[in-house]
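Scrolling down, you'll hit the structures one after another.
Next come two complexes built around chain A: one with chain B, the other with chain C.
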Partner chain A sequence: MQIAERTEWNLLATPLVAFLLLCLGFPAVVNLVYSVSDISFATLRSPTLSGFGNFAAVLSDGAFWRANWFSLRFGLLTAALECALGLFLAIFLAPLFKERSWPLAILMLPLMVAPALVGLMYRLVLHEFAGPVPHYLWQWFGNSPAFLGPNSAFWTLIVVETLQWTPFAFLLFHMAYHAIPDEVREAASIDGANAWQRLFRVELPLMLPTIAVALLIRFIDGFRVFDNVYVLTGSGAGGSTASLSIYIYEAFFKQGAIGKAVAASVLLFLASFAILYGLNMLARRKKK
Partner chain B sequence: MRTISKTAARLMGCVFAGGLMLGSAQAEVTVLGWPGGPEETALRAAVEAYNAKSDVAEENKVELLFFNRDGFWDKLQADLAAGSDAFDINLLATYSIGRYAPFMEPVTLSEEAKDLYGETVLSTMQFDGQQYGVPTDLSLHFMYYRKDLIDGLMGDDAAKARYKEIAQEHLGQALEPKNPDEWTWDDFAATALYFTQAVNPDSPTRYGTVLQLKNLLFNIMVWQSIPRSYGGDWMDAEGNITVDSDAFRKGLELYKILYDAGATPRDSLSYEFPEANAAFASGQVAAMLQWNAAAGDLTSADKSPAAAEVTEVIAPPAGSEGRKTHIHGLGLGLNKNAPNKEGAKAFLTWLSSKEGALTYAGAGGAPALSADAVKEIAAERPDLVKLGEYAGSYGYVMNGGASANALAVYELQAKEFTGYWSGQQDIDTALANAKAGMAELLK
Partner chain C sequence: MVTILRWIVFAIAAFAVNFPVIVTLVTSFKSAREVSTNPGLFIQAPTLENYAAVLQVSDRLNIFLYLANSLAAAAIGAGIAVLLALPTAYAMVRGGLGARTLLPLIVNLRAVPLVIFAIPIYMMFQWVGLLDTRIGLGLVLAIVNVPLALVILVNAIAEVPVDLDEAALIDGASRTGILLRVIAPVCRPAIATSLIFGFITAWNEFLFGLMLTTSKALPVTVGASFFFAASGGGVQWGVAAAVMIVGALPPVILGLVMYRQISRSMMAGAVKG
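After this line comes the complex of A and B, so read on.
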């Protein structure tokens, strides 16, 4: 029986394994080879092994570290803001959604728009002569801030990202909040807990795993940001809004530095793997 | 059972017939063109005219292939590098010829081509002394300015005195207002400052100019006509990088003065072609250096009602070496892996003939034709007269501007120079970084 089951498992798992090997394994191996090769578009099929020069070039490139710093700040700030705002909305609007669910659909709308289109939309909305926001600011106050100027571009990008992705965090928190059994809340009330105590001592601790997952997902999404930033500001004046994804894209396509771009992506992969592995270990230890 | 067999046979037949049709399609000449805009319209018209010719064999008829403009060059590069034979002829641009040349074959143009285009324009499609394409569309820069504002300034003595004061204060020279066709870059800057409300609260426009300063290679192409007009080049004849010259310094400082004085919108560091056009079309900008492609919209009363009727177009201002305008061309060249090379060559030869070029121009394309050639189409396309004249008289390609890493050089300059304009680094650092990077890229 056990042998038959194992055979069945192997048979069922084979297509998935083959798919992963083909779609992830092969590019990964090619990437590894390219990262230690002297490679250009002209020599894509005949790379020359050159050691770890590409890694050294990336690690000694100030622009790479600036891009890392941008991505880290962007990922942390947007994740924190989206989760805080999403959590507040999920709890604050909970009575409303209990009565009517249609406003939920409206709140979800920003998720339906492609990030590149969001970038394009804000390019228009924030333009001094074509955009409604600067238009009314000029009309009412006789001035308007430079939303995409060198000092404010980062914060404008944070706001744009937060406005688009807060609904995602909100959706997770809304589900988690409504999944808490009413009996638990009633029991806390019977024990004399007021609304704040119920929130901080009962509801939030029960939602903690969801909050952690939401923070992680939003951080990963923010860290790897590309589309809307690229459309809105490109890599920014002097490279000031270059995320790590933009750094890799520009090194690959714009500079033709394929080895360097791939080496940077390998480093990103290793760092991501280490962080996720660490988090996984932490979660397991907590379970024990 | 019989029904199943019959259905299977029909299916097989369909697949086989489909394969044959695919085979016949591959025997034609496939052209990968620039999608959208007048280039596509013109190419479609030229192809239609070519296919209608009686001496074009059935297997040499031309069919068109387009993919999206976004990321076009990156996708084309990947396709060519992978040895794609999905197209016989592909689009190429002056600044990317060196990158694509290893995957393309030089072409022989028609005998008329030299007289039709002239050497300067043909050089936009050359790499290592060989012709890689037919120059189908040319891009260069115009100075767009508000004639009503300049006329007002020229006819008002008090305004002239204020202009002189502003020029002295910001540029260190007591300049007099001039007719824009006689402007030097300093005159342009003085005019831009005069028409800026942050500098001159009585200015009828909010800004004197709009500079497109986004960290983008095309914006450097617009800007670099300033250093070029003062004799600047990427490299000297020996291949030494000369980007740290006084000419480049002059161009960088001029833009910095205008940006810091508020003569251009404060968001200009995120501006490119459409943003700059929108600013000018709003009627709140006095003068702007911009691509010729904007002329249609900016002089159309429907599209730019606030400015069109008072907008004039001239060549860019002069430096110590005269007037200069960056030129680059779009063109069509031969894929090394073309399945139908002979058919492709025949089409390219026709396209570079007078008949082909005039057909393309008549349908909305923008080839820079010599004065003699453009006469025949001047009534329909008066803009092409100016295009050909400016390209021939003021056009230039930087030394190294068609090399394999030309795009990367523009990218590097865009990053370093926008870093200077935004105040993140000083001019010496920006020029030193550009020089070091260019030495690596152009060696």
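After this line comes the complex of A and C, so read on.
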């Protein structure tokens, strides 16, 4: 009876596990094999083992480290900005959402638009002849910077990403803030806490786990950014805006350097696995 | 006083985060001549000519094909993810299956940059002839959707009283029968939410569309970028703007209709992740 039941549970989960093994497990193996192989589009099906040459090539490639550095800075900066702005909006605007929720829908709207399309929209917004931003800057200040030129591209991309995803952080904080029971706030007031003390001593500490989660999610999304950066600058601006995702994509599709692209994928996989494993361990220890 | 200040801050924030959409919407109603003479935020002579131009099918640009591709791939991507995640979620909640490894493993997939798998998937698809097909793109989008669908469904099933299962068991129902006749109907709202969330995510995906399709199965996110390089004499901004609005509309409408459910599932996904 027990064994039969066990089998039935396993059967129910089998399709998903099989699907993931086929679509992710197999590719992971292909990655590993190809990363230590001599491979080109001509020899795609018959890789010959060649040791760690691909890894050496990636690790000695200046563009790989520049891409890492871009992704790291981009992820950290956008996560910090999005969470700071989102936290401010969630707390300062909280009374507005008490009786009505349509303002929430307006702030959430950017989350529904494809990041690739948002990137394309900014091509229009920032265009020197057709875009309103340069138009008004010329009109008001008689000058407008080259937003996507080598000097400003990084900061333009930071603003683009931050404006689209601040609503995500805002939303998480909004829900965490409203999940704090009213009794807790009342108790703090009765104890003589003023609004600021209540915010810093009671509300923010209660929201801390959500803040940590939001920072993490936004950092990961910023680190692996592809869509909006790709359509706005490509690796453009002298390669200064190539994220790690763009580096891998271009190594494969533009240069045909399969070995290098695959080796970089494996390195990225190991790094994300190590970070996620560490975080899970940390979370588990906290629960105990 | 403070309330007015709050509304002002809200208005600024709403304007700033929606700025690209507003500009694109405004531009899509300007004639080609007006775009070059008046790039500002106000329209002098609104026109629908850009939308008329978008709907005109040409050899190189076919918005109906892109929309149909996105619709098919997103529907497949959302449907398969839920179809696979529902029985697994049931086995996890009631059978205690994979709580220690499988669930965290799948949930953490959301945090792995999927570009890692892009190259082998490209090769696999080449071998089995799935490159540039709607089904191929849909399958990959299902991978993207599985983690969140699983989290939403696990949460939903955990809230269904066990008594319902046990009553059905006593009546001689099998686990599969219970899943289909008891659990699935009770969890209909969660299933709908994960379908819609998956559909929006899949519709908005870009990287795999760019890599795995070239012509027949191009989704609208990739196809839209072609309108930027289409004409010889520079970009037709009005037409490009209209394309972007059309391409962005389906997920935005779904999102606005369902924003309460979507914000809740975002929270669920974040807390579990």
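Convention: the second predicted complex is superposed on the first by the 283 of 288 C-alpha atoms of A that agree within 3 Å, B and C clash if a C-alpha of one lies under 4 Å from a C-alpha of the other, contacts with A are read in each partner's own complex, and residues count from 1 in each chain.
Throughout what follows, a contact is a pair of C-beta atoms (placed from the backbone, for glycine too) under 8 Å apart; a residue touches a chain by one contact, two chains touch by 3 or more.
Keep in mind it's a predicted model, so treat the numbers as computed, not measured.
**Student:** Is A:P205 touching anything from chain B or chain C once the two structures are fitted on A? First, second, both or neither.
**Tutor:** In the superposed model, A:P205 contacts neither chain B nor chain C.
**Student:** Just chain B (first), just chain C (second), both, or neither: which does A:L232 touch?
**Tutor:** The first partner, chain B, only.
**Student:** Now for A:G278: first (chain B), second (chain C), both, or neither, which partner does it touch?
**Tutor:** neither
**Student:** Using the touch definition from the top, say if A:A130 reaches chain B (first), chain C (second), both or neither.
**Tutor:** Both: A:A130 reaches chain B and chain C.
**Student:** On the A-aligned overlay, A:S240 touches which partner chain: chain B = first, chain C = second, or both, or neither?
**Tutor:** Touch status of A:S240: first partner only.
**Student:** Can A:G256 be said to touch chain B (first), chain C (second), both, or neither?
**Tutor:** After superposing on A, A:G256 lies in contact with chain B but is clear of chain C.
**Student:** Between chain B and chain C, pick out the one touching the greater number of residues of chain A.
**Tutor:** Comparing touch counts on chain A for chain B and chain C gives C.
**Student:** Could you tell me if A:G149 is touching chain B, chain C, both of them or neither one (first, second, both, neither)?
**Tutor:** Only chain B is touched by A:G149; chain C is not.
**Student:** Looking at chain A, which of its residues have contacts with both chain B and chain C?
**Tutor:** Chain A residues touching both partners: 44, 123, 127, 129-130, 253.
**Student:** If you look only at chain A, which of its residues touch chain C in the complex?
**Tutor:** For chain A paired with chain C, touching residues are 5-6, 8-10, 12-13, 15-17, 19-20, 23-24, 26-28, 30-31, 34, 44-45, 89, 92-93, 95-96, 101, 103-118, 120-125, 127, 129-132, 134-136, 163-164, 166-168, 171-172, 175, 210, 213-214, 216-217, 220, 223-224, 226-227, 230-231, 244-245, 248-249, 252-253, 258, 261-262, 265-266, 268-269, 272-273, 276, 280.
**Student:** Flag every residue of chain C that touches chain A in the complex, lowest number first.
**Tutor:** Those residues of chain C that touch chain A are 3, 6-7, 9-10, 13-14, 16-21, 23-24, 27, 35-36, 39-41, 80, 83-85, 87-88, 90-92, 94-95, 97-98, 102, 104, 106, 108-109, 111-124, 126-127, 139-140, 142-143, 146, 150, 174-176, 179, 200, 203-207, 210-211, 221-222, 224-225, 228, 235, 237, 240-241, 244, 247-248, 251-252, 254-256, 259-260, 262-264, 266-267, 270-271, 273.
**Student:** So in the complex, the part of chain B that touches chain A is made up of which residues?
**Tutor:** So the residues of chain B in touch with chain A come to 74, 77-78, 80-82, 99, 102-103, 213-217, 265-267, 269-270, 275, 278-279, 281-282, 284, 404-405, 407-408, 411-412, 415-416, 418-425.
**Student:** So in the complex, which bits of chain A are touching chain B?
**Tutor:** Interface residues on the chain A side: 41-42, 44, 123, 126-130, 146-150, 153, 232-240, 250, 253-256.
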